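Quick one: the structure is below, and I'll ask about it shortly.
Each chain carries a letter (A, B and C) given by its place in the written order, and its residues are counted from 1.
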Amino acid sequence: MMKEKKLHKQHKKLSNGIAYALLIVMSIVWLFPFVCLVLQSFRSYKPEVEFGGMVAYLLPKHFSLDSYKFLFSGESNFLRWYGNTLIIAAFVSIGQTFFVLCTSYALSRMRFKMRKALMNLWLVLGMFPGFLTMICLYFLLKQVGLTQAGAVPGLILISVASSGMGYYVCKGYFDTIPKSLDEAARIDGASRAKIFIGMIVPLSKPIIIYTALVAFMAPWCDYVFASYVAFGYEKGYNVAVALQRWVTTNDYQGYFTRFCAGGVLVAVPVTALFMALQKYYVEGVTGGAVKG
Amino acid sequence: MKKKLLAMLLSAAMVLSLAACGGGDDKKNDTPSDNNTQQGADNNTPADDNQGGGDDTTPADDGQASAPADIDYGSGVITIWVAEAAVEVTQKLADEFFAANPAMAGYTVDIQPTGEGDAAGNMITDVEGGADIFGFAQDQLGRLVLAGALTPITGDYASFVESENAAGSVAGAKMGDQIYAFPMTADNGYFLYYDKSVVTDPSSLDKILEDCAAAGKSFYMEINSGWYQTAFFFGAGCELTYESDSSGALISSNITYASENGLKALKAIIALANHSAFVNGSSLSSATNPGAIVDGTWDSGAAKDLFGDNYACAKLPTYTVDGEEIQLGGFCGFKLLGVKPQTEQGKMLVCMALAQYLTNADAQLTRFTELGWGPCNITAQADSAVQADEALSALGAQFAYMIPQGQYPDAYWQDATSLGDDVIAGTYNNMSDEELMKVLEDFQALQQSYAAQ
Amino acid sequence: MEKTKNSLGKRIKNVLMAPVRDCKEIGQTFAHGDWKTKVSFLIMGFGPLMRGQILRGIAFLASEIAFIWYMVAFGAKYLKDIGTLGTVQGGFDENYSYTYGDNSFFILLFGVLSLFLIVLFIYMWRLNVRVNMNEEKRLKEGRALATVKQDFRSLLDENFDKTLLALPVTGVFLFILLPIVFMVCVAFTNYDATHQSPTHLFTWVGLENFRNIFSMGTAGFGKTFVTVLNWTLVWAFFATFLTYFLGMAVAILINKKGIKFKKMWRTILVMTIAIPQFVSLLYVSKMFAVDGLINSYLMKWGWINSPLPFWTKASWARPTILLINLWIGTPYVMLITTGLLMNIPEELYESAKIDGASPFQTFRKITLPYMLFVTGPYLLTQFTGNLNNFNVIFLLSQGKPQSLELAGGAGYTDLLVTWLYKMTVNDTNYKMAAVIGIMVFVVVAVVSVTVYNILPSVRDEEGFQ
C-alpha cells in the first residue's frame, strides 16, 4: 500500500515535471518574437554605430536608445500618428460601446415588427468580406470631406456608424439578465429608457468594459482601411499605417530598428491595458463563444 | 487673355485643332492682351533660356521668372507627392520658384512624402483627390495614362522635355508620340554593390557566388521581379517590348523569349536560384547578410552605411551558360514627374511651370547633390560631380548593356513575378530543355496576348 | 412534414397577397376618408397636423420635403443615367483645362442610394396613409389622439426600440448595406483599370465577369479560383481545429492539479492577443525569411546546410502559416476553454477513473463531446472568421509564392479575401474583386447553413457571429 502510494507520488511528480517542461518551452516560443522585437529596438540605426536594417543576429552589438530618440525627436511625425491613433481609439471605444449597448438592448428586450428581419439582414450583410466595400466607403467619406486631412474623424465615423452589427456578445449577455427584473420595474411605472439606463447598464459593467476594450484595441491594428482613407496626407496616418510603410516600402531604408521601437511603443500601453482588464475580456469572449 | 496665352504656349496639334473652333472669337475679344501674350510666349521658352548650360542657369534666368505679372493665376494649394527623402529639397526648389515668379505666388505647395511605389496606385484610386504634381517610376506611366491621371505635355513644355533631356528618358515619358511627364532622374537602373573584402572579382557571377559562399555571405538579386529578371533575358539577346498608342493602349508586341537565347537565360536564372549563396531580394535594409547585391542608386546611402569602408560598386557581372559567357543586361528606367489634369486653367499653368522648374538642370543637380539621384538632363549629366559619382558611374557602365524601358502591361510584372517564384520554388529544377522551352513559349504567348486586346 | 409544407405555402401566399391587401386598404382609406386624409395623400402629414398631431405631422411633412429636395437637387440626375452609367467622357477643352465628364462611379452609387430612398419614401407614404386611417378611426370611436408629450414619451417607452435603433440602423444602412449593394452591382459592370472613374466611363456587361471566374481556359480565372478556394477551405479547417485542439490541450495542462503559477502561464500566452498583429506578424514574417533569424541561427548551429524555404515554396509556406497561426490563435481557445473545462462535473471523471479509463479515453469520451457541444457556435464563428482571415495571411506571406499556374496575381497562400484585396488595391480590378466578394459570401453562407443544420448547439439565434 505504502509502496503504491509512493509510486503514485513519483508518477505524479514525473507528470508534473513534464507539464512544467512543456509550459516552459511554450512560454519561450510564445515570448521569443517579442523579446527579439524589444532587443532590436535597442539597436542603433546610425551608420557610425550599427546598421538600421535587418540583421541576422539577435543581440545588438551596442545598446542604444537612438531609435526611441528618433521617434520622440520630431524628425518624423511619429508623435502625431500616435496621437491620431489614440484619438481614434478613444472615440471609437466610446462610440461603439454606445451603439452596441443601444442595439443589444433593443434586440434583447423589445419585440417589434422588423426585429427578426433586421437580425437576419445583418447576419447576411456580415457574410460579405469587409474589404470589398473599401473603394465605396472611401468615396462616401470623400463626399463629406472626411478623407486625407479629415481621415481621423472619417475613420471614427466608419467604425462607429457600422458597429451596431456587432451586437451578438452584448445581446447574449443581456439575455442572461432575468426578464423578471424588467417586469417588476415596469409594474412600478418605470419607462423602458429608465430601465435601460438605470438598471441594465449598471448591471452590465463586465460587458461594457469588454466592448470598450475590444473597440479600443482594433484601431491600433488598422492599416488597410486607414491607409486607404489617409493616403497622400502624412499627418492623417495612424501609427499602423506609418510604421508599416517603414518596413514595406523602398523609401525607408534602414528603418527597421525604428519600426521595432515604434512597435514596442504601440504594444506597451495596449498590452498593459489589456492585461489590466483581462478578466473582463475572458468573460466577454467566453460568454460570446458559448451557448449551452 | 489667359486663353490666348495658352493657345500660344501649348501649340500642339491637339490643342490647335480644338482651338480652331473657338480661336477666332478669342482673338477679337481679347485684342488688348496681344502684347502680353507675345511676351508670355517669348518668356516661356525655357528651351532657349537654358541653352546656356547647367551651371550658370540661375532660377532668375528661367522661363517663368519674368512671366507677365498682370496675369491672374488665381490662388490655392498645389499638392506635390515625392519620396520621403526628397521632401525637403522639393520644398526648397518650390520656394525658389515662387520667389522668382511673384505672379504665381498666390499658390502655396503642400508636399507629402508618398513614394514612387505608392504614388501611382493612389493617383489611380482617386484622380481628383490625388496630388497635382507627383513623382513616379516609369513603369507606371501606362496605368496612369489609362486612368487619365496625367496631363499631356505639349507645346514649349514638350520642346523643353525633348531638348533638355537624354533621348532615352524622353522616350520613357512617351505613350505613342505623346509626352505625358517631365523626366526627373535617369538612375532607375541597377548594378552591383559589393563588399570589397568579400568579392574579389565583380565581373563574373560565378566568381561572386564563389566568394560569397566562401565568406559565408550571400548574393542578393530580386529574380522574381520583372524588372531585375530582364537582366538575364535581355543580356542573352531576347527582346520584350510593346508599342502603345497615345491613349496608353498597347497595340503590338515584340517578344523573343521562346528562343535559344531565352532558354540560356532561364537556365542561368535556375542555376542562380539553386546556388547556396543566393538570396532573392533587392532591398538592402532587409538583406541580413549581403556580400553583394544587385540594386539601384536609391540604396547608395544604405549601401555605404552597410559596407562601410568596403563599399564598392560595379556594372553587372557576366554569367556562364553551357560554356558561353553572357553579360547581364536589363532595363534602364527613369523617374518622371507628372501633372494631373486641372479644371482651373490658372492652376494648370502654375503646375506646368512648377513641374518644369522641378525637373530643370539645376533642380536635377540639386537632387543629385542632396540625394545622389542621377540626372537625366543632358547638361546636368555632364557635370563633373555627376561624372565622378561611384554609384552613378557603375550605373553608367551598366547602361551600355541595358535597353531604355518602354511601356509594359501591368500583367507583365505579375507574370514575371510568377515566373521568378516558380524558379525559386524549384518547379523547373531537373526539367529538360524541351520542357523549359514549353514554359518560355507559354510565357511568351501570355505576354503577346496583352497587346492583342 | 405535411404541416410545415402547409404553413410554408400559407406564408408565401401571405407575402404575395400583401400588396393586394395594401392597395385595398389605401383605396378604402381614400374613398371613406375625410378631406384632411385626402389631402394627406399629396401633402404627407397634413391630416395629423390638422388634427393637432404636430410631431407626427411635421415628421411626415419633413420627410416628404427632404425626399423631394434630395431628388431634385441631387438624386434625379444620377438616377436617370443608371441604365447607361453615363455617356459623356471627360476631356481637355481648347483652353487646356480639364472638364470631367459623367462619373460612372457616382451615377451607380447615388443611383442605388436614390432607389433605396424611393423605397423608403413609398414606405413612409404608406405609413402616412395608415396613420391617417387610424386617427380617423380613433376620432370616430370618440377616443382622444395622443398628445405631443405622449408621443415623445412613447419614444422612451413602448417605442424605445425606434429611438435606440435609429442611429445604428442608419449607420449600417449607409456604410454597410449601401456599399455592399453597390459592389454587387459592380460585379455586373466592366469597372476596372481601363474603365476608371472619373476620367473614363464604365457600363453594364451582364454576366461576363461571372463567366470569366468560371472559365477554365488559360486566359480565364477558373483554375486560379478553384485553387484559391480550395486552399481557403483547407486553411480555414486546419486553422480552426489545430488551434482548437492545441488551445484545449494547453488549457488542460495549465488546469492540471499541482501546476503552480497558473495565472502567469496564461498571461504569457495571452500576450499575442494584446500586441497589435501588424507589429508581431510583420516581425515574425521577417524572422522566417530565407536570410532571417531562424534560418541564420539554424545554419550557424549547423543543423541545416541550406536555408529552409519557409515562404518560397508553396509546400512549405502553407504549413508555416498554419504553424504561426497556432501561435496567434491558441491563446484565444485557451482563454475560452479554461473556464468551460472546470464546468464539467468532477463525478464524471471520478467514475471514469474507477472504470479504469485512461486519460486519453476520458478526454475522448467525456471532455471532447462536452466541449464540442458547448463551443459549437464558437467553432463556426472561427471557421467563417478564418475563411476571411486577412491579417495573418497578408502580414506573413502576402499570398506568395505566385506561380504561372495561377492567374490574376494570385499566389499559393492567397485566400479569396487577400486575392480580393490585391485586385482592389494593386490592380484596381474592381469588377473581378466584386465577383470574388460575392463568391466569399456564397462560401460563408453555404458553410454557415450547412453547419447550422448539423450542429444542434448552433441552432440558436445568437449562434452566428
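Convention: contacts are C-beta pairs under 8 Å (C-beta built on N, C-alpha and C of every residue); 3 or more make two chains touch, one makes a residue touch a chain.
It should be emphasised that the depicted structure is a prediction, and the values quoted were computed from it without experimental measurement.
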{"item": "Greatest separation from chain C - chain, by CA centre", "value": "B"}
{"item": "Chain pair, most C-beta pairs within the contact cut-off", "value": "A-C"}
{"item": "Chain A and chain B: spacing of chain centres that average the CA atoms, whole Å", "value": "41"}
{"item": "Whole-Å gap separating chain A and chain C, where each centre is the average of the chain's CA atoms", "value": "19"}
{"item": "For chain C, residues contacting two or more additional chains", "value": "286, 289, 291-292, 296, 425"}
{"item": "Where chain A touches two or more other chains, by residue", "value": "54, 56, 135, 139, 228, 247"}
{"item": "Per-residue overlap in chain B, given as positions that touch at least 2 other chains", "value": "125, 286-289"}
{"item": "Residues of chain A defined as touching chain B within the complex", "value": "47, 51-56, 135, 138-139, 142, 147-148, 228, 231-234, 245, 247, 249-256"}
{"item": "Interface residues, chain C side, partner chain A - complex", "value": "105-106, 109, 153, 156-158, 160-165, 167-172, 174-180, 182-183, 250, 253-254, 256, 258-259, 265, 267-280, 282-284, 286-287, 289, 291-293, 296-297, 327, 331-332, 335-336, 338-340, 374-378, 381, 384, 388, 390-391, 394, 416-417, 420-421, 424-425, 430, 433-434, 437, 440-441, 444-445, 448, 457-458, 460-465"}
{"item": "In the complex with chain B, residue positions of chain C that touch it", "value": "90, 92-100, 193-194, 196, 198-200, 218-219, 286, 289-292, 296, 305-307, 309, 312-314, 400-406, 408-409, 411, 425-428"}
{"item": "Parts of chain B lying in touch with chain A, wherever the complex brings them together", "value": "79, 81, 83-85, 112-118, 122, 125-126, 129-131, 283-289, 298-299, 301-302, 304-306, 308"}
{"item": "Chain A residues within the chain C interface of the complex", "value": "12, 16, 19-20, 22-23, 26-27, 29-31, 33-34, 36-37, 54, 56-58, 99, 102-103, 105-106, 110, 112, 115, 118-119, 121-137, 139-140, 158, 160-165, 168-169, 171-172, 175, 191-194, 196, 217, 220-221, 223-224, 228, 240, 243-244, 247, 259-260, 263, 266-267, 270-271, 274-275, 278, 281-282, 285-286, 288-292"}
